[in-house]
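Note that the chains are named A, B, C, D, E and F in the order they appear, and that numbering of residues resets to 1 at the start of each chain.
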Amino acid sequence: MITLLYLAAGALFILGLRGLGSPRTARRGNLLAAVGMLLAIVVTVADIIDEPGVVWWTIIAGLVVGGGIGAYLALRVQMVAMPQLVAAFNGFGGGASALVASAEVVATDGAFSTETAVTVALSIAIGVVTLSGSFVAYAKLQGLITGRPIGLPGGPWFNAALGGIAVGVGIWAVVSGDPIAYWVLAGVTFILGITAVIAIGGADMPVVISLLNSLSGVAAAMAGFVITNQALIIGGALVGAAGLILTIQMSEAMNRSLAHVLFAGFGTDGGPAIDAGDKPVNRASADDVAISLAYAQTVMVVPGYGLAVAQAQHAVRELANALEARGITVEYAIHPVAGRMPGHMNVLLAEADVPYDLLLDLDHSNPKLPNTDVALVVGANDVVNPSARDDSSSPIYGMPILEVDLARTAVVLKRSLSPGFAGIDNPLFYKETTMMLFSDAKAGLEAVLAALEEL
Amino acid sequence: MITLLYLAAGALFILGLRGLGSPRTARRGNLLAAVGMLLAIVVTVADIIDEPGVVWWTIIAGLVVGGGIGAYLALRVQMVAMPQLVAAFNGFGGGASALVASAEVVATDGAFSTETAVTVALSIAIGVVTLSGSFVAYAKLQGLITGRPIGLPGGPWFNAALGGIAVGVGIWAVVSGDPIAYWVLAGVTFILGITAVIAIGGADMPVVISLLNSLSGVAAAMAGFVITNQALIIGGALVGAAGLILTIQMSEAMNRSLAHVLFAGFGTDGGPAIDAGDKPVNRASADDVAISLAYAQTVMVVPGYGLAVAQAQHAVRELANALEARGITVEYAIHPVAGRMPGHMNVLLAEADVPYDLLLDLDHSNPKLPNTDVALVVGANDVVNPSARDDSSSPIYGMPILEVDLARTAVVLKRSLSPGFAGIDNPLFYKETTMMLFSDAKAGLEAVLAALEEL
Amino acid sequence: MSEEFIQGIVVFVLAAFVGFEVISKVPATLHTPLMSGANAISGITIVGALIAAGFGEGTVAAILGFLAVTFATINVVGGFLVTDRMLEMFKRKPAKRE
Amino acid sequence: MSEEFIQGIVVFVLAAFVGFEVISKVPATLHTPLMSGANAISGITIVGALIAAGFGEGTVAAILGFLAVTFATINVVGGFLVTDRMLEMFKRKPAKRE
Amino acid sequence: MRIGIPKEQAARENRVAAVPASVKTFVDWEWDVAVETGAGVAAGYPDQAFIDSGATIAADAATAHDADLVLRVGPPTHDEIAMLHAGSVLCGFLDPFVATDLIETLASRGVTAVAVEAIPRITVAQSMDALSSQANVGGYAAVLLAASVSPKFLPMLVTAAGTIPPARALVLGVGVAGLQAIATFKRLGAVVFAYDIRPETKEQVESLGAKFVEAPTQAADEGGYATEVDDDTAARQQEVLATFVADSDVIVTTAQIPGRAAPRLITEEMITPMHPGSVIVDMAASTGGNVAGSRPDEIVDVGGVAIYGPTDLASRVATDSSRMYARNLQEIANRMRTETGITIDLDDDVIGPATITHEGAIVNPRTRSVMELDEEGS
Amino acid sequence: MRIGIPKEQAARENRVAAVPASVKTFVDWEWDVAVETGAGVAAGYPDQAFIDSGATIAADAATAHDADLVLRVGPPTHDEIAMLHAGSVLCGFLDPFVATDLIETLASRGVTAVAVEAIPRITVAQSMDALSSQANVGGYAAVLLAASVSPKFLPMLVTAAGTIPPARALVLGVGVAGLQAIATFKRLGAVVFAYDIRPETKEQVESLGAKFVEAPTQAADEGGYATEVDDDTAARQQEVLATFVADSDVIVTTAQIPGRAAPRLITEEMITPMHPGSVIVDMAASTGGNVAGSRPDEIVDVGGVAIYGPTDLASRVATDSSRMYARNLQEIANRMRTETGITIDLDDDVIGPATITHEGAIVNPRTRSVMELDEEGS
């Protein structure tokens, strides 16, 4: 019977994970998974409540202390610090799995069947790597240690060697059944977790955390084998597999291969070239832009010379059509000198059959921009440069601009941070409310459209 | 150990089903599933080969006879008759599951634990419904009995009553353990299968077969419980679930709700309105068109007045772009009098920026059409009417036409079978090589593009 | 309920989840082949049939077993073959542009 | 290998398949929340921790159990809460056109 | 078989009835082609181009008219008719329902006259339909005329020197010429409204991305042509049109009713509220005009609004209008062609109705009825 | 503060320096505006429209010139200069680097002359850049001229009377006018090729969907203007251009080098192989012409090719070119505006360089250098 209830919890996890994959259902998904977890905990407690000799204080103390710390951290932390928090939580999870297996080692003094011994060793090894690796990731993101990859003596071979040692110790533990061997294994893998993650750059940390998350699932599943509990096996296997897929998707979204991320030290990998010196930009993917657009009520398209260069007039119209089909109001703000000739944008948008009454000139669009949810700047630069308004030393000071910096969100689609005709930098790109989508305008708009249709 | 091999077979089934969902991998998927099946059979045989008292002749005879019949039917049958063949095969599968459970009844004389008894009853009931229902579907499609829904006394309540009786008998069997009860159950459900399917129209048979297919999976899974075999449980559950999803997708693709199909008698459902009197047309979905296009090397777009009415010029260009991105050659055949004014198509296609050198006039396109894989006729009618060439009594006899009827496949996109300007019927629509996609030109092209991008 | 039976339920539920998830949006042209392929897989009952046939005692059991194996084999062999035939249309690969 | 262990493997494989299939193409904005949610689910190890803690004999076992429960609970509680916070942005529904 | 292509003598007529491509086809049929010297120059086809296609150059009009088949653009003068020999076939725009004296002369000289405007507008004759091909060019040329004389930009422009709103264009009469006018206005970026009496044109107007003006409509006759409207309908029509006319910057009117005076669609009162600088091109000026005050080939100023009544629109695009017209004639000739030359088959669906005079008689019923020949005979 | 808008007297000049919208702005600034009677009529702005915006109508030129700020389109005649009072500001196209005698007279009369062509083409001055706004209109008008006189269809048409291939258009010189010409040709459906000496124009040409002719290029000066090319480059340029010119049906040339004669891009030998009926519009005719044989405001026929040298293109679209020009002047006036009226600040980035004469002296360095004033002084 209890197995069936665990199965129900597992089913809730599945539905939860599935829900988390789409913006519409993500919150509900998280809730379902949480309910599943509650079910599993209640079932377990109910199952042991009548057993004799249960040590309750450890359970209650653990639940209270852990719950308090978890809730405090989760509710207090700032939005930007969330990824590192996830890393920390994940480390605790991995550690818990390792502890469960360790407790079994203590309880049985290492007397396992071979197959169980293998799972014990795996629980401990994977759990501990997750623990130490996650905390290094946390420290990197939190700025406690440098975000730059830290070189190891011997480079990547160091970790390879350490991995080899861990395997050897694991075999020793399984074969000998000696508890000491398990503790040595824990020690070696603890170091391995640190050295493996410390060698990876801060920018790749999200991918690393996702991979560690997948590993903590595997650790939980292994622990399930150790204590013969199907809830752990189902939940752990689920997370292990789902986490792996997610890790691959994340590295694809960042244009990295997973191998590159993990073994960066083996080769040299320049990474995406765009970087604004020290000034940080919010770099968005087509998916991110699609979501911002999908959840907007009003969108203002601001076309510029880049739209013309990319010949993206048809693409922009299609995207606008798709947004309109979702009930979103789309208008176009046409700056008097956008492009390279008077009426440049008009020619292009007329070709794409954009109705004239959606084209707003400066006087009509600027009053609307502060109430616009998303200003979608397509290949425009100088005509949306706030310096012209704010910085009297700017060569373009005094030129009227489209004030997209006042919109709730500005999405800027261009290929790089290069300047436009006037050859000057644009503070808009570094604003908090600005998302930069680096791409050719046509390709970028098409990607956004494709992403939108998948929402 | 054997369980793990069954698990491997199950994994192959999963990979196979997944492959079958996409055109690129469908053949490989089928092969994987077949390998999984072979593995399961070999494992089973290997498992029992050393057991004493195995009756080999029934096994060998069954395999030979069944294999021969199956192969003969599969390889001999005509393409058009395939759906009914699938129905027949499915019936055999359901029957087999029922027989496995029945054999268990015979062997144990009905002495089961309650839970096992339930699964035995379910195996028999579901297996037999599948058997008789599938054969009725077969007979309908093969024309052995009329395709029209056959009314039953009391209409749908008849089947409801029969279903109630079956449940009653099932309970009797489980409670009493009397073998007779199981045989009565088999009898009742046999009739139920017939009466349930016979009340449904021939056009809906594909959906019904898919549902019966799902049921045969459930029957197999139940049989798995009966003989405690995880291969049957995994395979059966897989097919049961996948079949159900597929059934829903199929009825959606046919614009029917599943409930409507099954309980058509409860309400009246007009069904799609377009029907060419007695002349049959190949009615295609956007997916079908997308696949034909995706697997073509050369596509000729033939625009007509309907393209103008729908203002689908941008949509056609987008679709062409997507095809070109796949390396497919797309050209446009412009008939001199397509549309309602000289140069009508030119105006529209120029607006959509179709390069002039892709526009072929009559003299240049007709020689190419016989070697064109797909001629995509968008809202054209008279200008592709073969009567003008073939039928000297036709009022348009003698007008030069675009000979899309000579292309390997012609896809005609228009809203209905209504005639065009000349007011005459078009034999092109009834050709075997013609697929009709009934839709507004713009909406239709957009749907095809969406479908194409999912391939 | 026996432990075995419960295990069966666990496996059944998980396999059903896989079945639900494995079918994403399938193009209409593949509906029939997919149905046919799934149908062939449901012939897994052949494993049960083999066991039933092999261990059936008495004429009735033997006949039932024989029939079960025959039916299931028709389903399996015919099913996979006919699916493969349906899928022939997907053999041709789009060639590169000349 | 014990029957139980084999059952475990069956369940593990099937659950892993579900895990693979359940994640279809996820928009990048959901990568972090999904990761966080999955991470919370991996806290299922709390079940093991509860059992370990409940039945641990001796001080070492008790401490290990206590730590295991604490760690796992942090993961579970913190994980679900933080995921929910991340997902707040999806609360707003697009309104109809005025 | 000898075929003659005279040089057109009419003022403002730049077109020619054959182009090198059609000459080449005739030569392929083993016909002798004589092109009068300079016949194609105004259309951009020098003599040498015809020579290269296999024609001989006729030194004067008499030689060019001395042929079995004479292809012309406009009707011949009496002098030119005198150059035709009996039994020859003359093919061109002959105005056969109005210019009856010319027809009479042709008949009396024993010339077979085939009038391209009488080619029936049936599907199989589309390639011979010179009315359509020339109306098509006319619609295009009318818009270019209007655009080039309009003091307003047609497209919308947002510039540093202010936003220029798009011009509003109105097309009245949406036959072949009207449709092409809509398309050309659209290309130039104007906001286009259009109206025609025939209800089916609404869909056609919209198929070009323009807006239909919802004034009263009335079904066409069985030939697809518009019929006259009663005074009441006309009044309601004008009422609706008035506001659109007043707001328009450029107007092209093309409305015709075959065999009758063109309908008056724009009255003087409707013009008064228009902006000064607005332009109206009345393509129906030669048949009475759709616009009050329009005069053929003149520019009339009504309170700052310029009303053009050009009758030579197709001729302004002479290279291509000649090319299309020559192709029409080539197809007609092909229809008449036999092994050895040409024959006139009065029972032919296409040639029959288009033949006006044959073997000394006036054979076309409509011409006969206009000339009241049958009544006299009855 | 009184502002005067005289009626332009030059031939073919239809524009006016103020439109009702700009008058309204001046009135809002509490300026008195006097518009000479009939000044706006040719541009489609009757006196009444100005009155409605708050202007008074001046009965004659003298009254209109008797103001603190006089806004004109073209330069004044000596008679008109005589009507200006000392200390007044004159703003318009004054041709300040060529028409030096006029400048001298203005200086001697104590008139402050602000020449719009000397407004620097910097970002903040874009709304005052009359050269751009008028060149833009000119590019549009040039294409409409070419299209309306071309005997060929610009767009492609597939019709029952044969397929008409699209015309090939060539635009030489891709500044403001050239870009608008490309855009307008594209709208009309021609296949457009374009060329400019400045390499950055390639991307601009392609951004309008046209094709760039890959002839030699040469970087612009720091002001963004083209510089003169050496003979060798010119020869290679012509070699490449020759084939494109020969194949073109319509050509618009706009190439200018500020302060110099326009570059000769099309020679007589390049014209010879062109089809008869082809059309060339040389927008640089008044500064020497890009095309051999072009003459200002004349139509020259070179072997059937018509070469137009219009100098009044912007004036042909007078309603909208006036509207943009008036807006430019309004922005300039705004730049000069103070609480009480206007002042000329010679240190202003925009007004400074554009001021030619002030307080009796010629202050513009370039005019001074053309007049060799500084050398004399040094």
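Brief remarks follow.
One rule holds for everything that comes next: a contact is a pair of C-beta atoms (placed from the backbone, for glycine too) under 8 Å apart; a residue touches a chain by one contact, two chains touch by 3 or more.
Just so you know, these numbers come straight off a predicted model, no measurement behind them.
The fewest steps needed to get from chain B to chain E, moving only between touching chains, is 1. Touching chain C and chain F together: A, B.
It takes 180 degrees of rotation, in steps of 5, to superpose the Cα atoms of chain E onto those of chain F.
Chain pairs B-D and A-F differ in how many C-beta pairs they share in contact, with the greater number at A-F.
At the far end from chain F, in terms of centres built from Cα atoms, lies C. In terms of their C-alpha centroids, the spacing between chain A and chain C amounts to 39 Å. Chain B and chain C have Cα centroids lying 17 Å from one another. The mean-CA centres of chain D and chain E are about 80 angstrom from one another, to the nearest whole unit.
Each of the following residues of chain D touches two or more other chains: 1, 7, 10-11, 13-15, 17-18, 21-22, 24. Contacts with at least two other chains are made by residues 10, 14, 18, 230, 234, 311, 336-337, 342-343, 347, 350-351, 353 of chain B. For chain E, residues touching at least two other chains, in rising order: 126-127, 132-133, 136, 155, 157, 159-162, 164, 187, 189, 209.
Shown here, the protein chains touch in an arrangement that is not a line, ring, star or fully connected set. Annotation, chain-chain contacts: A-B, A-C, A-D, A-E, A-F, B-C, B-D, B-E, B-F, C-D, E-F (touch as defined at the top).
Contacts from chain E toward chain A in the complex involve residues 155-166, 189, 191, 209. The residues of chain A lying in touch with chain D in their complex are 6, 9-10, 13-14, 16-18, 20-24, 26-27, 29-31, 33-34, 36-37, 40-41, 44-45, 48, 51, 53-56, 58-59, 61-63, 65-67, 69-71, 73-75, 77, 79, 82-83, 85-86, 89-90, 92-93, 95-97, 99-100, 102-104, 106-107, 113, 115-116, 206, 209-210, 213-214, 216-217, 219-221, 223-246, 249-250, 253, 285, 287-288, 290-291, 294-297, 326-329, 451, 454-455. For chain A in complex with chain C, the residues that touch the partner chain are 1, 3-4, 7, 10-11, 14, 18, 230, 234. Chain A meets chain E in the complex at residues 334-338, 342-343, 345-347, 350, 353, 356, 359, 361.
Residues 7, 10-11, 14-15, 17-18, 21-22, 24 of chain C are the ones that touch chain D when the two sit in their complex.
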